[in-house]
Amino acid sequence: MELLTNGIGLTAVVFLPIISALVLTAIPKSQELLIKGFALVSSIVTFVLSVLLLPQFDFSNADKLQLGNKITWIKSINANYEIGIDGISLPLLILSTFITVLAIIYSIEHLPEPKSPKGFLALILVLETGMNGTFVALDLILFFVFFEIVLLPMYFMIGIWGDKTVRSVAGFKNQIETRLYASIKFFVFTLFGSAFMLLGFLGLYYRGNKTFSIPELIELGTSGAFTGTFATLVFAVLFLGFAVKVPMWPLHTWLPDAHTAAPTVGSVLLAAILLKLGSYGFIRIAIPILPEQAKAWAPAIAILSAIGIIYGSLACLAQTDLKRLIAFSSVGHMGFVMLGIASLTPIGINAAIIGMVAHGVITGLLFFLSGSMAHTYHTRDMGRLGGNMKLLPKTGALLGFTAMASLGLPGLAGFWGEFMALLGAFNPLDGLNVTIFRSSMVAGAIGTVLTAGYLLWMLQRVNLGEPSEEWNEMELHDADGYELAAWIPLVILTILIGVFPKLIFGATNDAVVSLLTKAFGG
Amino acid sequence: MEIFEIVTYFILLGLISTAIRVVTTSNVIHAAISLVFTLALTAILFLILSSEFVALVLVLVYIGAVIVLFLFGIMITRAPLGKNAELDNDKNKKLGAAIAGSIFLLFSYILINGFDGEVTIASGSSTELLGEILLTRFIFPFELVSFVLLAALIGGITLARKDEALIDKDQV
Amino acid sequence: MVIQWASYTSPLYAFENSYVVDKFSIILKGLFILITYLTFLLSINFIESDKYYQGEYYYLLLSSLLGALVVSSSRDLLTIFIGIELASTPMFLLSGWKKGDRKSNEGAIKFFLLGVLSASLILYGFSLLYGLTGQLVFSEISTYLLSNALGDSPVLLLSSILVISGIGFKISVVPFHSWAPDTYEGAPLPITAYLSVSSKATGFVALIVLLTKVFATSGQSWGVILAIISGATMTLGNLVALQQSNPVRLLAYSSISQAGFIIAPLAVAGITGNYQDGIFASVTYLIIYAFMNLGAFLSIHLFSNFAGSDNFYDWGGVAKHSPLAGVLTTVFFFSLAGIPPLGGWFAKFVVFRSLLSTGEIVGISLAIIGAINAVIALVYYARISKVIWMDELKNPEQEQTFEFQNPLKVVGAFTVLITFIAGVFPGIFSYLGEVSSIFFGN
Amino acid sequence: MIVQPVLVVAAALFSLGIYGILVRRNAVMVLLSIELILNAVNINFIMFDAMLADTLMQGQIFTIFIITIAAAEVGIGLAIVLMLFRNRQTANINEFDLMKW
Amino acid sequence: MVNFNLILFAESEAVYTDGGVLAEFSWLLVVLPFFAALLITFFGKYLPMKGAEVALLTIGSIFIYSVLLMYLHITQGIANEFFVNVGSIGQFDIEFGWVVDGLSIMMYFVVGTVALLVFIYATNYMQGEIRYTFFFTSLTLFAGSMLVLVSSPTLIQILIGWELVGVCSYLLIGHYWEKKDNSSAAMKAFITNKIADVGLMIGIIILALNTGTLRISEILYQATHDYDGITNVAFTAGILLFIGAMGKSAQFPLHVWLPDAMAGPTPVSALMHAATMVTAGVYLLARMFPFYQSIASEALDIVMLFGVITLLTAGLIAVVQDDLKKVLAYSTVSQLGYMVAAIGSGAYTAALFHLWTHAFFKALLFLGAGSVIHAVHSNSMLEMGGLRKVMPKTFSTFIIGTVALAGLPPFAGFFSKDEILASFNHEGETTFFFIAVLGAFITAFYMTRAVSLTFLGEYRGHGHPHESDSMMTTPLIVLAVFAAGSGWVNIPGVYTGFTDWVTTRKTPIIEYHPESFDLFALGLGLTAGLIGIALGYYLYQLQGSAETGDSKIKVEPIWTVLENKYYIDDFYFKFIIDPIKINLAKAVDVINTNVIDRFINGFGQIASFLGAIIYNNIDQNGIDKFLNISSSGTDSFGGKVKLLQTGRTQQYLMLFLGGVVTISLLILFII
């Protein structure tokens, strides 16, 4: 399988979706079935391709970047098309291709208003290219480009297919449609971060022998090429860029709005993959290239993460909007991921990766469910919902299951990220302030209680109790085949990872250990 | 002090006074006439500085053509002939004067510090030489200028000509 | 009519037959010719739609093109001045081409008066330069300046300030920008496009040539001037653009802001003396900017014709009538905003790269200002896409057909292609920029 | 020794021209003021030419070109003013304020 | 990747076997319920008994398997553990597995037996109730989760089982979730446990990081061999683990969830109180006993303190309850206090022995109560009475359970409680000993009260109660046998097999085994029980009714305090839950929308505002404004001129030239 190992396979995984998106635009609007079919097939092919890479991937050398290639891209600035995956990016890449397939399956019958499947599916596919590309890019510029590519589709997805309710926004005189406010907020926030991130990349480029290659920069960084104010500044801007995407408190406020406004599939992709781009950036770029700075910033990151966990959970308790609640829960969960990363230990970072995957699976599913419910009930107000278990037993049961998974129930995927992150934070890397980390860890542990609190409360309000009378008249449809086809794989994945975390750890552990060894010595 | 210099000083004095008149008079015709004087004095100055061809061109082109054009313009646009209190935008005066004054001070300061030199007045005509240089060394710009003129001609005519149809149609 | 027909062919041939000075000028000439060609295509329907003077129109455009071509390869004060004049005089006229339209008239007179003033300033600056060195040819001037150690004489400084101001008018940087929105709004749309692209590019070329070939010795000073101007231009242009509801004025302010980005590398180059990097960035930005801005004008041309309104807030949902035009618009505006994988990102990227290349504090500050501005700019660029895609249709029953004539399609296809190529394979453009900077640098 | 006074007077003409374009209300008068400015530039060039005793007479040649261009500008300017006048029945430039916002 | 690990007893003289095939396949115990749960969920509806038969079959096989194991264990002794690696992270191996040793086999047996009987009982009890199938899914999962917990050879699996038990209890307590009270009770149980779990989690983290392993056996090895790492954190870790145990085993002050958990169907209560869930805490302490004993003995003192507090306070509350199930629930809390206190005093076997006996008689009592409730359709004892006649089987079995709980010989409770008292006495904890004796008195008293009010006297309720059918009474009878006889496996001086069973572990257990009866403790305990029964009978049977009986002992304000459960719930709601749920959460939300968002939006608005200012005041007519200020009063030319004042071209020119001048001055004279 020469084709798969020399970078072409990986390239195909990245670019197949966008090419399909282009082809999709050529299909006439009237051929709706063909459009949907084509999108589904191309996403499945992409997924299969990414799975075909698995046997080629040398797990015994998971710490090495594999299956990649390096081709000159922009010669004048020495930016190359350099790709490759290691144990860290592999799970995320597959998660990304996988979730996309599910998103498209779901979209076949459940397109948000205004329908127009062509545009919607094309945007999903473009989005996939951005996501896959970010996970395989090994060149800062390539990374940046892919990192930004995701913005446009998501912007339009929220803006066109988003929630049309009008609401008032703090600081604005006039009421504004949720989707419009959310889409631009999402865009501006992310761009704000990434504009500075780009400056940071350039700084590295000039101090680092004029190369954008991440592996080369890691070599330089670990040999102490970046020091002093320069390194502090660069880490600061990289932090800004990634932290917005994660999102870390207090840069999170775009997230609830974006999630609330986005169409179901948009929320799913946003939660499942997009947020990971930020934390992945920390692991792939910020920490190995600027280890000393990472060490200096780690306590701050830990504190912010802890605040994020508590804050996100408390905010959840105050929500009446189902999707908004789940969105805030993402803030909390990503707080655990970042807490793991901040610990700079193999445990912590492994925890972060499995946390990322788990959050992708679980929160993705939660958004699927809440989106479907919002579609059925035409409301997301938890005050009006209730007795969902009675009205929509399948959806309700899955919601219950997913909420349990989300609160970190051991035996399900969410547990490992939380528990291991706390484990990592208890004993951070030597030289880090133990008190801060342990306090953060305790805060995180308290956060788990709050998490359980708001999720159970949510269940009580949404799933349990007698259904309100207003639904008697309405014809409510429980989950149909397409929905189940999109959801059940996530359920299975949740259980599989929960019971057998080696699925993820097996790939990541070596890579993480070697990354940290390189960065901080034995 | 040579006679040239004395003459020059007088010319300079005249230049300034006529120029002031150009921008301050409240009579449009007076302004135009003052400009004629300014230009004439300039031409004399050029003559003193032994640039007789340029002086000639100045007189021919400016006094002969441009000023006439101006007078036409004044008349066609029916500017009030004679004294006109509304000729100036009074509000702008103070600030305009301040800007102009500061530019003057600035330029003078730099010019006085920057340049000093003697001028030896060459005798004899340099027109022939000038013509030769113009048509050899500077032939390219010379050709280009013709395009400028042509463009100005064509465009000027197009814009200035009366098209009732167009005006009616697009009237805002 | 003959001239009109000639317009289709002559630019293409002119490329082959033009006098070659160096690669810098060839590349720029190619750019100018292409832009003019696209402007022609843009103009066809426009000119035919009303009873404008066609032959004169094309002649004047061609004259302007000639001026731009001259500017890019002229290397003495007189020729460059004539070139600048030749490039701009026809534009004074063309901007008033909508004779019956008072806005057009007003725009023209404002443009004209400021243009003449700027020409006078340039001339005064040239006269000082001449007085100081006694030379008109660039190379000799700079040799003279070097050999006599006049690098920082006040006269030279004043001269450079006057020249920068004069050209600053053409490239419409703060505070010499005020004509731009009015004139852009008033002028016929193809002319506006041309003004904001080619005319501006001419100004940049003149600026680059003059600053690096003539004033190189006082780079420290004009570098600072340009840096201040650049920062002010980016910020002011963007902030004001946020307020606009007229798409043309919006683009006018946006192009003011973009001008700030283009001169930023030049400013840093002046301070550090590393011209190659600066010119590379500026030229690359210029090329990419030219095409995407042209495309942006194309798209607002399409929509304002369709919606019959000059207020883009009235354009709610128009993209649904023509998704193709909607996509084009989106591409161009987001490219202007600098979102990968559209060309604009690479333009911004090379600028940032050159700003940070030396670690000068000026460069870093400009880069930060630029980064913030890139975010601000996004808001109004995105606003247009928002309106055309996301807002409700104003007249859902509107059965009007969307006119998208073939010449315009060609323009759209061409510009969008370049925008994408520049974003995905920026190597090509950076190659052009690089080559030009290398050949130009020495 | 004669150089400085001439140059200063040229600068004065320049400034007066600027004053004129800033203050004059009538477009034709503004054009007149511009002529003053250009004239100042001419004087500069001729003065420098004489001062440097330029054998190529570049200053003079430049001046000739300036005069030519100036003539062209005047033509264009008047054409535009005329056009405006046709539409607005006034040549006062400060009435041109359609594009206030 | 099964890691076969034969446990060798270096310090012990006894030789134990590895358990052979039976031990090797013990994973079936854990996996079967989950598999069954899946089956029931997806196919249960289509089966004749709606899935109950699958549950019965499963639990039946588990029971048989546990009996086999028990038999093997009694005959030859088993101590073995197995590991399956499920991932490595850093230096840690994450392993699941199963442990087969005395402690776990005892638990398998308890869980298997009680669960089987409860299941049989429930098939009938739940007949016709909603979500019958799902109920069995959850119940099976519940048993399975407990098996995960007790079979755990690693701390991580303990945690998993721990929380799974919590979730299943959530599902079961909230079985009738149409009523908000029930779902709230379920939530309360889950959250309270979750709070405790934080302690457990941190405890596990500390232990894992200081020993470098998650295997319990290795941690215990290090603990007993005084490794530095673990010794330093022993006290903290011990306390934290105990906090976890407090949650599950409902120790004061985290006991609040257990009485509320009565909201679930009665079989659930029976299972939960007897075999699964509440015993988890005791099991954990027992599993970690060598650790506590060798290096965390200070922590044990605290454990004991809380145990004693619990046994007393909960017992007192039980006295004032009118709800039959709540009486039993508080009784459970109180009995758990005994067990915990026993562990705290170092009496490992005594605690487990009490767990063992308590499992049977408490299951019996609950099922009996369920039978009664089933008959009278009410929980309140005020609506019962006189059922002795109509429900003879229930009555007689209930009586056996009661006397077992009250600690009368020869029933099971007598032996186990006596061993605990003996241990207290032996340890010299005089105060605690007397409190425990007092507890025994209270226990006997409130049980008598309950029996009297329920079965004796006259019937006060409505409807016509009748005896439950054999599917329900058979388990009662079986359990009654156990309640009577299960104490005989550990009679000091006669037969102490139980001690051997539960001490068969890798790490030897060193503790006090009474060689013979401690007559002082025995006498005191027995007397207390008898007095309690006598008093109860006197008050409630002879006086006839609850009110009159209660009025005799109603001592204000203690009675009110007890009725309000010491106001602990109120305290929690008022000072912890409400502030967090309402005030803090609202505050955060407000901060989010009104501070952070406003701040962010503010940026946008500032930019927009600046833009407007620049555009309107500087860019377009700044000069104009300036001029208007500087030359006010010059508008003297009349109306026409006034209109003309807004001309723009010259202002542009001014801006232009002003720019030039400013820049020139700046460059030439300043820089």
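Just so it is clear, A, B, C, D and E label the chains in written order, and each chain counts residues from 1 on its own.
In this section, contacts are C-beta pairs under 8 Å (C-beta built on N, C-alpha and C of every residue); 3 or more make two chains touch, one makes a residue touch a chain.
This is a predicted model, so every value here is computed, not measured.
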item	value
Partner chains that chain B and chain C have in common	D, E
Longest centre-to-centre distance from chain A, chain (CA-based)	B
Greatest separation from chain D - chain, by CA centre	E
A-E compared against B-E, more contacting pairs	A-E
By mean Cα position, the chain sitting nearest the middle	A
Averaged-CA centre spacing for the pair chain E and chain B, given as whole angstrom	99
Whole-Å gap separating chain D and chain E, where each centre is the average of the chain's CA atoms	94
Geometric centre distance via CA averages, chain D-chain B, whole Å	6
Centroid spacing, where centroids are CA-atom means, of chain A and chain C in whole angstrom	40
Multi-partner residues of chain A (at least 2 other chains)	188
Per-residue overlap in chain D, given as positions that touch at least 2 other chains	14, 17-18, 21-23, 25, 27, 47-48, 51-52, 59, 61, 65, 69, 72-73, 76, 79-81, 83, 87, 92-94, 96-99
Overlap residues in chain B, where contacts from two or more other chains coincide	86, 89, 92-93, 95-96, 99, 103, 106-107, 110-111, 115, 138, 141, 145, 148, 151-152, 155-156, 159, 167, 171-172
Chain pairs that touch, as defined at the top of this document	A-C, A-E, B-C, B-D, B-E, C-D, C-E, D-E
Of all residues in chain D, those that touch chain E in their complex	18, 21-23, 25, 92-97, 99-101
Residues on chain E engaged by chain C in the complex (per definition of touch)	604, 607-608, 610-612, 614-615, 619-620, 648-649, 651-653, 655-660, 663-664, 666-668, 671
Interface residues, chain C side, partner chain E - complex	109-110, 113-114, 117-118, 121, 154, 157-158, 161-162, 164-165, 169, 174-176, 178-179, 182, 221, 224-225, 228-229, 236, 238-243, 376, 379
Of all residues in chain C, those that touch chain B in their complex	50-51, 53, 56, 59-60, 63, 66-67, 70, 78-79, 82-83, 85-86, 89-90, 92-94, 96-103, 128, 131-132, 153-155, 158
Residue ranges of chain B in contact with chain C within the complex	106-107, 110-111, 113-115, 138, 140-141, 144-145, 147-148, 150-152, 154-156, 158-159, 163, 165-172
